[in-house]
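You will see two complexes here that share chain A, one where it goes with chain B and one where it goes with chain C.
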Partner chain A sequence: MITVDRPTRTRSVASKQLFATVLQRQGAAVVLVLVVAVSWLTFPNFGTVDNLRDLALQSSFLAVIALGMTFVIITGGIDLSVGSVYALGGVLAAYGSQWGFFGALLLPLVACGLIGLINGFLVAKTGMAPFIVTLATLLFARGLLLAISHEGSTTYKIAADSAFLTLGRGTFLGIGYPVYIAAILFVVGGIVLRRTAFGDTVFATGGAENSALLMGLPVARTKMAVYTMSGVLAGFAGALTAAYLESGVTVIGVGTELDAISVVVIGGTLLTGGAGSVLGTVVGVLLRDVIQNIINQIGTLDSNYQAVVSGGFLLAVVVVQRVLARNRERR
Partner chain B sequence: MASTARRTAVLAVSTTAAVSLALTGCARSESQNSAPAGGGPAASAAASQAAGPTCSIDQAGYPKIDPRSAVIGFSQSEKEDNPFRIAETQSIKDQAAKLGIASDHLLTTNAQSDLNKQISDIKSLLDRGAQLLIVAPLNSDGLQPAFDAAKAKKVPVVTIDRKVTSTPCTDYLTFIGSNFVQQGQRAAAEMVRVTGGTGKVAILLGSSGNNVTTDRTQGFKDGIASAKGLSVVAEQTGDFDRSKGQTVMEQLIQSNPDITAVYAENDEMGIGAANALKAAGKQPGKDVKIVSVDGTRNAVQLIANGGYNAVIESNPRFGPLAFQVLTDFEGGKPVAQNVVISDSQYDETNAAQKVADAY
Partner chain C sequence: MRTDAVVLEAFGASLHFAGVKALDFVTFSLHAGEVHALVGENGAGKSTLIKVLTGVYQPDEGALTHRGKPVVFHRPVQAQQAGISTIYQEVNLVPLMSVAANVFLGRQPRNRLGLVDTNRMNAMAAEVLAEYGIEEDVRRPLGELAVGAQQMVALARAVSADADVVIMDEPTSSLEPREVETLFGVIETLHRKGIAIVYVSHRMDELYRICDRVTVLRDGRLVHTGPLADLPRIELVSMMLGREVGDIRAHGATGFGAEHHASKEPLLRAENLVSGRRLAGVSLDVRPGEVVGLAGLLGSGRTETVRAILGDLPLDGGTITVAGTVVPSGSVPAAMRAGISMLAEDRKSDGIIPNLSVRENIVLAALPRLSRFGLVSRAKQDRIVRTFMERLRIKASSPDQKVAELSGGNQQKVLLARWLCTQPKLLLLDEPTRGIDVGAKAEVQALIDELAAEGLAVLLVSSDMEELIDGADRLVVLRDGVAIGELAGDQVTEDNVLAAIAAEGSR
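For the complex of A and B:
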């Protein structure tokens, strides 16, 4: 895909192109490795088992949301509703826990999946911009959450003896269940994206939607599937969080959609669609939380620098993506 | 035996409150608020705490540490971009400096209104070796994982300003905060005083769905119930926000031109209301009386200038009390599970001289 059929291009352009591609795809991974290595040597508390364990656990919730977002962005879409849906999922899980483990799990998955399906249906069938459709469901989900929690004044608790709590609080080999759950979801997500016809259509939809349509690929169905998946995963992340917090906290998830989008893009997924990987998203999530952790380790640094660093990094990544895209157009 | 323990506790808390007042240099004549934890409505949420039980180091099973040489962690909940949070964080830092705690022994974090971040902040404070914790919780629910982590490391947690639903003395050591119902009652008393007990009152409510709003409303209504001449003619939310307070007030002046007094549940909305009244050609503080809760410098300055009537303080200076509680606890004294911080009060008689105390 990179060279071969363009004998006129000079070697230096080709290598520049290659460098930019590597930078965009693997830049975050390189930075992550560097940052981790430096902090490991600099901060005595960074490399401790406790700290790494906390880091992994903390990252797992956003990771689950960002997995769905990765698929949506690869199709060239965006899902702004995930923050609200995440919070709604948590409240519904806590509410559903009165009907036992499956109530706590199924209620948020079904409800949030439905919201995702509505997103997908409107985006795929009416051709409305994903931005505005999912902005509407962002408001809808937050409103629904406030309605069932009586404007946020009722926090549903999960009974201390509920089996559902284990999902968020249980540990295996000292590491929290949410970490394993997120890891399994990412492996499955990676296989679906890279090794299935569905995954191919996801890439084709974002890369060149018209060609995909001409080729007879099920573009509409694929879009509906990715938005539904994003809703289900956000709801599931909410349920996991509720199990972890032992209650359906109403104040979470504000702005989480932007966190999810930024980690996906930092991880090398093109905001314009057509390219990306779930592994990159893992790197993006980890990078975000490692930076946050380091700012805490430094201690004297204002926590607002977290946003400064993330913002600067995101900007750098988007600039590289733009340069890449322009180089491709020039070919 | 039990009554002796309780009396000791009451004594300890009164002493604590007195010490904190002396330290902050804002001892006030109105000391009814320094009353120790009791059946105050702040405590009524959890019935087990209503009677003012205490917690001692033997009971809680924590190791003995001298707070002056210990590593202390402070987790702030919201950005320090409003006067309350700025004053709160500063108070903790100032008190630590005053006690001679080395600056590298006070670790601070800010959760930026993100609950998940506050949990990881607290865990990271523990990982970095914090032996004592002061936490300003972002939310009443959801911090259990952080408390569990502290418990596992036998680190006592003092919570300030917002009360959590976890169990005191087990999940956390104690809660230090204002009594919001009492703030409402005191605002009502001021309202009765400045209006002479007659008038039509509009209430600018805080954000819906939190206990600060409900408590300040309930306390105020209870407080004015005895003044038969005062009636509440309108209640609308201004979301604790100045510009919303102003907009709501503009509408209220239109719909109820005969309003003679405003009770705003925070200073920002009160200042917004004052602006709206001015724009409508009325004189705030004279034609329409304004009483609010908070104690920010802007509002107190307005009282001094004659354009505002009274402010009941919601004290953000938790530093002295928090360290006092930790010192008492580590010294083996039982500490109350619910400590009420003393709130000051500003009116036309003291605003000019006390404006420097306001935050």
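For the complex of A and C:
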């Protein structure tokens, strides 16, 4: 009886498994396509060149932050500091713009990279929980930001003739530079993740850290690298935002770390690490901003419903991930 | 192809963990091209020795030599780079990554741009794996493969890394018979290539089939090393268990008393229990007032049998009856309702809650029975706790003392009290005296005796041969998850047990 039962059970489990895997990996993409198609037909303004251009530009800042977060989460970690680091990057860029283009660019990259390196060092070398380490640097970076801006009363402006502004406000073929920059970073990020030994180690670290250590992979170095990268990218996103807004705005970035985490997870990256893709993250960012855009188009809805929709979607994705993980454990 | 050149040697290796000697001056020599069996019971030091050889641990004393040169491995990767590959019992790969990536992680083929050449890697992996009888799509995630196939991938990874020593820690424990044959084929090939293999297994038939020499460890010490073929099985088993053949000790060396007069009708009847690869047909019964022992080597299915009876291990077949009523399998609450309780093997992780008091630890399992509308009468608790503390002679300053502060023997008694106050009819004891001192051991044994004399049915698992022989009225001998024999009355002697365990099997 048992021997007859088993193959059918296995087959139905396998097909369910496949369905769940597709749902988890590509679910966000399917939903994005549906939402875009429906919006295109429903809202006359949605498909206009202007709207799509704005949408792409708005998405590009969070996308840059989420790219770093994707790497961190695939190693099985988390980086809560990116929201504060993002804001700090913007203020430092504006401050550094007094020394020209490179001052405005390098100051935030170096400072934010250092914060990331500290995160990485503490996580990789002391074995402290990433959650705690990056929570501490979240507070640290926000505090530093408030100190140098005198609790936000000093706003550093970027001179109107600064070349640095082009980075945020310049356009090519009508599309803002930040969109191209984000696109290039994602292509490079995708190659690094998928096609380099470093990328393989990122996956192995998150998938089975002990195995990775026993295989002699440079786990500690890789962790340090991904947190540093996450800091640099968050700082760079801040610099881009400053260049776009023409000043270092101190109030941005509150809760941005949670937005970044949610778009990464919605994009199919496993919150427990070991699997994910940068393309998924692009989809996650776009889904978030398209929903926001629609809510704006409807006009009568409170814009906070965007967070309600994102939250619900995130919950659904995480539930599917958990079900998948449990199926894997059972086998 | 075996030569007398020593390829890897640990000389006088000692290692302590928190004052306990895990390895005590062990010398282990591996000759080029040999298959060397490393055997021993639980805690003998096999895993520790392997970890010393592979750079996971550094010995406190002693030296390693590899190809005649002294070496020090600070990390596993150094041993690997020197040509010592290890396949761990638990597959140590990355389940979410592709099969091919798992074979080549850390040494991926690159193209001219320095990027991983995925196509070439997949082709190479497919080619390597074909030699191991794996015809799967190498782009699939490793985790989707059967455990046996994953084990083969681990082997392929280990061997394709240009190793001259391959260490296999119980490689067949999760393999199907067909996969075992493939593995032996691979070992044969490696053997011919002159690669030395350290082979850890509990399966006698396998050892005698493929190994040239054997090293026996016990309690962290080297007991024997030499050629395997001329060594009688019964001698090997007796060396592993630490018993001399023909050395029958006087009864009374333990805390157990005389035999019990059990009633005729069995309380527990387990018939033909089957569970995955771990149990392949175990039948036994236990009568009230009787202590039945489970004998067998490590990995023979002793713990699995008691876990199956408790409902902690799902069954694929077989029935469990308590007092004539069938107990639904795979449910611990159902088994407990039927009157079955178990003292688990690892009291630290599966037993005591260290920061709770003696009182709380004792009444924990009985709480559902003691409470009314979710409230528990403190007076009732105190009465029970007092009774058991006196009866089991638990030495604690008060019922409110933290269990963590008690000695191992007293912790074990607290656990025994916990299960006794659920008023079981059948008590499953898995290694009840492991890790407690001699005095406490005798006391626990005497308690088991008393309980049985009062009519409790007891099923006892113990690696301590003396405890089994002296304590059990009857012994069921297990091998490879099958009950292969039963000894009762005068037959319960060490010679008979050793002979039963060592008998040639079909597997």
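Quick notes on this structure:
Heads up, the rule we're going with is that the second predicted complex is superposed on the first by the 322 of 331 C-alpha atoms of A that agree within 3 Å, B and C clash if a C-alpha of one lies under 4 Å from a C-alpha of the other, contacts with A are read in each partner's own complex, and residues count from 1 in each chain.
Following the convention adopted for this analysis, contacts are C-beta pairs under 8 Å (C-beta built on N, C-alpha and C of every residue); 3 or more make two chains touch, one makes a residue touch a chain.
All values derive from a computational prediction rather than experimental measurement.
With chain A as the common reference for superposition, the partners chain B and chain C occupy compatible, non-clashing space.
For chain A, the partner touching the most residues, choosing from chain B and chain C, is B. In the superposition on chain A, A:191 contacts chain C only, with no contact to chain B. With the two structures brought together on chain A, the opening angle seen from the C-alpha centre of chain A toward chain B and chain C is 130°, to the nearest 10.
Looking at the shared chain after the overlay, A:169 reaches chain B, while chain C stays out of its contact range. Legend: residue contacts after superposition of the two complexes on their common chain; A:279 is shown touching neither chain B nor chain C.
In the superposed model, A:155 makes contact with chain B only, not with chain C.
Once the two complexes are laid over each other on the shared chain, residue contacts for A:217 go to chain C alone; chain B is not touched. Within the superposed three-chain model, A:239 lies out of touch with both chain B and chain C [touch as defined at top]. Contact with chain C, but none with chain B, is seen for A:203 once the two complexes are overlaid on the shared chain.
The minimum CA-CA separation between chain B and chain C in the overlaid arrangement is 37 Å, rounded to the whole angstrom.
When both complexes are aligned on chain A by C-alpha atoms, no chain A residue touches chain B in the first and chain C in the second. Remark: chain B residues 79, 104, 107-117, 119-121, 123-129, 138-145, 165, 208-211, 214 touch chain A in the complex. If you check the complex, the residues on chain A that touch chain B are 45, 48, 50-51, 54-55, 58, 61-62, 146, 149-153, 155, 157, 169, 241, 244-247, 249-252, 254, 289, 292-293, 296-297, 299, 302-304, 306-307. Put simply, chain C touches chain A in their complex at residues 56, 75-77, 80-81, 86, 88, 92-97, 101, 105-106, 108, 110, 114-116, 118, 143, 316-317.
Residues of chain A touching chain C in their complex: 2, 191, 195-197, 199-201, 203-204, 207-208, 210-217, 270, 274-275, 328, 331.
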